[in-house]
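Both complexes shown next keep subunit A, but they swap its partner, so subunit B is in the first and subunit C is in the second.
Moving on, here comes the complex of A and B:
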């Protein structure tokens, strides 16, 4: 009995003491990476990581220094590059909490799949960060811009994309897991938001810049990058991006405007939007039917329309419907004409409805897509006019 | 009250020999009072009692007065007195309720030292013991270790008679039975068991008797002695015997079919069988509205888990699973840990040990220096350690919440065992992360499943599951809904509310 107990005790001790603390990392041994930027030149990856300095973000002391530091290195593969970072970084690079991944245009044109592989393969990295394409600027420089409000630039990018995604239709946020879904989905090519430096192209900003109210360098979203499979082929304009988001049903709220008969504007706040795509056959050929339902409030009224009149409201609704249809049509036609790649997922819709037909279509889908017929059905409603009805201008005149 | 059966040496017929041998046996102790008298000019008697144990006024009024009255007997009384003086004294003369014969030296000492007065008559090998016990006792006070806001405010005292009366006062039923087993070869402590005859399970009752009778020890000074002897399994951190100083708790237990064990000399009464859930319940649960009680019970179970797991979770997540934290929380914690020289485990261990030291000091220290300790404790732990950067602020928060939660567990015995297990889980968390905690918790649950309290599964009614008993385990349903007594240890008479 004693020997058995002793044996068990010894086994437990060995188990705990010899294997214990396997892969243990204390919080202050980690270089917490908030953002990663990948550039490429001469077949070498230029990897830059933005590492948070926790003291500066959250400590009660100091805050005189920059909240992040950027470490960079060059290596033929990304995996090597990540390890090589320790040459300069005192702490182990910890990539679980990346908020944004910025890829340069060269990398994107070369194909994003192989770049994302390492980040997705690593089990500790959370797949909820946004992927951005740096437009007209190196990805590295995007990570070097200090931002007000949010102290960590990568986090600022994350939140501004997140917020825009919710309240501003032209911007679509794509997390890495949806990106992978889209890459692997048959009959669909991904679209990623672009980011660029606004105002001047300073290489670096110092913390003195934080003293400005209007910062000399800011980050801004510009357009949406269009991919064929995983390779960047071009950019959509803001309006095309807006149409894209309506079709993909990723708009939850945004703002738009209509022109009044007198040339002034009326702004609509879209409060709900829902789009459905269906596919039907017309003479053996697939046709995509997009039906959108949009509900909006009047956000701003410049002109002197009498919106107390239901007829006027109905005209406004009709104008809104027409406007949205044009938006989507232009977006689809532009993509069909310029890029000839199905970023809307029409192929996926056809596959869901007619799997057998899709099998025949799939091999030459990129040739078929530009000639695909798309039908639009838009249903717009104006729900609310806000605290006042007619414009103040009109009411001044009525007095 | 018959404490000891007569055996061994018997009394001598000669009064002076008896007194002499008693004096010698007690080492001529000065607190042995021997009052010698002559009754009816003929019978030499001696009244013996221990100063301080026997009630002097009672001796004065009931014994000495009665004895002196014998001088003025009527003739027919006098003749019956002369015929059989002992019987006359016992049955006619002495105005005392508790009275009996005594003939062995052993039992004489037991009674004498329990506070009885002994009356010896010259020429007789028998004496009388007169129950005049009246030692100084604490009055019934408020429960200090298990206070409540609503509910009775009386608590058991050190006197077994008082304690039994506190229980009897609440159950006016002839089926409330009492047995007394003296335990302890030297102390001869009265150990009483009380139960409701028509509810208690015979099996459990028999088990209690057997285990009590098997105890062989020279002294019983507190209920803890008994608890360790009668528990089912010694190799467990969990208590399987409940103790309380509140009569209402004990009475409620008796009425559910449990057995109360009352030990002379301690206000803590034992109650068996005791299940895991009992240690997270308080009598107040039954006095408050059921929804409030249920909520508070949930909070208690939550606190139980916090005490058990909070420090180990913190260690595991901050040293192994940083990716599980929200980014901002991670940055916050990382900022706090900047410059802390110890690993999180050592940090936690240090703080927990310091807290346990403070706790122990708080209990043991004289009341007058209490403030000094608490000031030093708060300052040292709360502020200086954090400001000096030795301990991170988050760790202080974790240790504090653990400490406070440990006081929410109503039973001190359970609270201590959970705090003990917490250290083991912290070690596992530091070596294996959440995986270690998981393994630890699995082993813990398995262990809990092997426990029995007087044959009743410790985790019941959770495992084995009993639907009806769920009305009073995690939840507390309104009284009208609790028609039945808990079935886990009560099959004989389960219906509490028979009228439909």
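Moving on, here comes the complex of A and C:
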């Protein structure tokens, strides 16, 4: 008898306690968000979310219609805006799979800290998506562009940034947790990549556009946004961005060119790059020492330089070193002159080496930074010439 | 009263659970906000301070190897004063149990079951607590031993999976915030882990002692302490001091970074499982100490009938103990002193009374 009562009791307990479907949300009830765009006007946030339409992404069934839908709403706070989305979206917005967050320039100028707060506070989202600033275009329009190779545009942005980050120096990808880390690190201001519409066509792209080979509207990365604290103050040019990435040691591979004596170009494929920053004291003042090591291959040779000659390669290396040094120097000087914020993290380097000195410098760092002395040491090596040696042009002449 | 006996190996396992306990998730945020990138040094310092305290607790319990602290309080200090100190300990056990329960509830409702009422989670845990205490110390120790391999496996898995995300540069500059900050951090890492171990005074009498018991106990303390240090270090290496100090559950935020080849990711639940396991054993031992102590103080024949009323008490207390998570963080700084009082000040006082009385007894 006791066993039976016990059994029944256990069964009831299991039924009550272990059927964990308190607030279950099935896959077909969720609107999975791939990208978020935030604009701002008149103290109201304009929130647009790009929701994946599962049927259209499906390989066999899809292609009849657009793979994503954009829902937008306006509210004074973002949290309200997210909930208000349900007025138009039939499914509850699920933000665990965001790939990109696009902020408009106005939002960025107003301060990004308050905008990303909700996304970090909410346990549903994970801090592994990229943050972009929409340049010369509203953030919303960025989400409305269809992309041919990747069906989901926000995913396309993510991968394009991911790939550029690996093989193209002017672009640096910043995930939201790195961004927050940089916002909180002393002696460091964040930099975010900018995105714009390349052929600025204001009309909404429709599914038809998928049939074009060269899309009338494309997305492209342009420049890097410079922040003071969390507020956007300006843009770095492509070259400055490239210098920035070399200094921050975020370049893994890229391409660059040098001029031959006859004015034609020789391109180098940078296969490995490593930069270290150190700080030392000179007459009680901190000096930053940037040492970069770059390994490259010859990627393209237009001119008739005799690269079989070790001396020529040596000269090329020296030219490359000079070139990279100029690149970094221009980037640092431009930021020191124009923006006066330490985006390179020099303050952090000083803090690492001289914590006590840094505590004294920290309060007036923005005034000190423009006068900081920076020394460069570049060590470039050309390792390989590719599958052929001298250029075809030279071979033709030798014939 | 308690007829069960546990082996010294089981003791070591329980001690490891107890030291890691709830601190697996909570300690990294605390020490790192105090000591920034030097949080791991604080952890090591905590071990240096905490280990002797744990050793002292063991030596202290050997004064009366067959009695719990509630029993020898009276023997040493007499009926009234001893009773008062015992009540103080019982209150400590009860509140600590409720705090642990609330921590579990807060964590689960913040990170995982965001829409579930916290009471529902408390209720489920209390059912297990009541069941566990009713089954007695032996059952608790055995289940601890059963889960231990899984615990170790998940713990190591967390390290291996997070290693690719670790960056040594996040520890720089070493000693940048000075010794003061490190000491501040070590207050947390020594009290919430090693000082809270004073609950061991309630079940050491039921350990079958052999020559190796003390050694096993100390090894358990050491391993637990090392685990705690390394979890602080890992958190720092993976997310750095700034993020770690702004997250409520820094270790969990670090575990979310697990990503092996864009393939193995979103497995931070292994940390949650581990945390629930060790927190559960810490909670149940504190609860057990409360029940057994109450029965001993009031000279009841058995403590088991108390577990259901005790569970009901906990249900209310865990809900009422703090109004919200902010208030909880505020309590933390004061809890240090309570832990320290129960683990060191009071036992030291009792120890001196013992020495004094045994001397006067000898001189008579």
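The criterion applied here is as follows: the second predicted complex is superposed on the first by the 379 of 399 C-alpha atoms of A that agree within 3 Å, B and C clash if a C-alpha of one lies under 4 Å from a C-alpha of the other, contacts with A are read in each partner's own complex, and residues count from 1 in each chain.
Here is the rule we go by: a residue touches a chain if its C-beta (ideal position, glycine included) is under 8 Å from a C-beta of that chain, and two chains touch if they have at least 3 such contacts.
Remember, it's a predicted structure, so these values are computed and weren't measured experimentally.
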{"item": "Which of subunit B and subunit C A:355 touches, first, second, both or neither", "value": "second"}
{"item": "First (subunit B), second (subunit C), both or neither touched by A:181", "value": "second"}
{"item": "First (subunit B), second (subunit C), both or neither touched by A:126", "value": "both"}
{"item": "Partner chain(s) touched by A:55 [first = subunit B, second = subunit C, both, neither]", "value": "first"}
{"item": "Contacts of A:28 with subunit B and subunit C, given as first, second, both or neither", "value": "first"}
{"item": "Per-residue contact with subunit A, leading partner among subunit C and subunit B", "value": "B"}
{"item": "Partner chain in contact with A:13 - subunit B first, subunit C second, else both or neither", "value": "second"}
{"item": "Residues of subunit A at both interfaces, subunit B in one complex, subunit C in the other", "value": "22-23, 124, 126"}
{"item": "List of subunit B residues in touch with subunit A within their complex", "value": "318-320, 322-323, 327, 330-340, 343-344, 427-428, 430-433"}
{"item": "In the complex, subunit C residues that touch subunit A", "value": "110-116, 120, 124, 127, 172-173, 175-178, 239-240, 242-243, 246, 253, 256-257, 259, 266"}
{"item": "Subunit B-touching residues of subunit A, taken from the complex the two chains share", "value": "16, 19-28, 30, 32, 34, 52, 54-55, 57-59, 94, 96-97, 99, 124-126, 152, 155"}
{"item": "Subunit A residues within the subunit C interface of the complex", "value": "13, 17, 22-23, 123-124, 126-128, 177, 180-181, 184-185, 351-353, 355"}
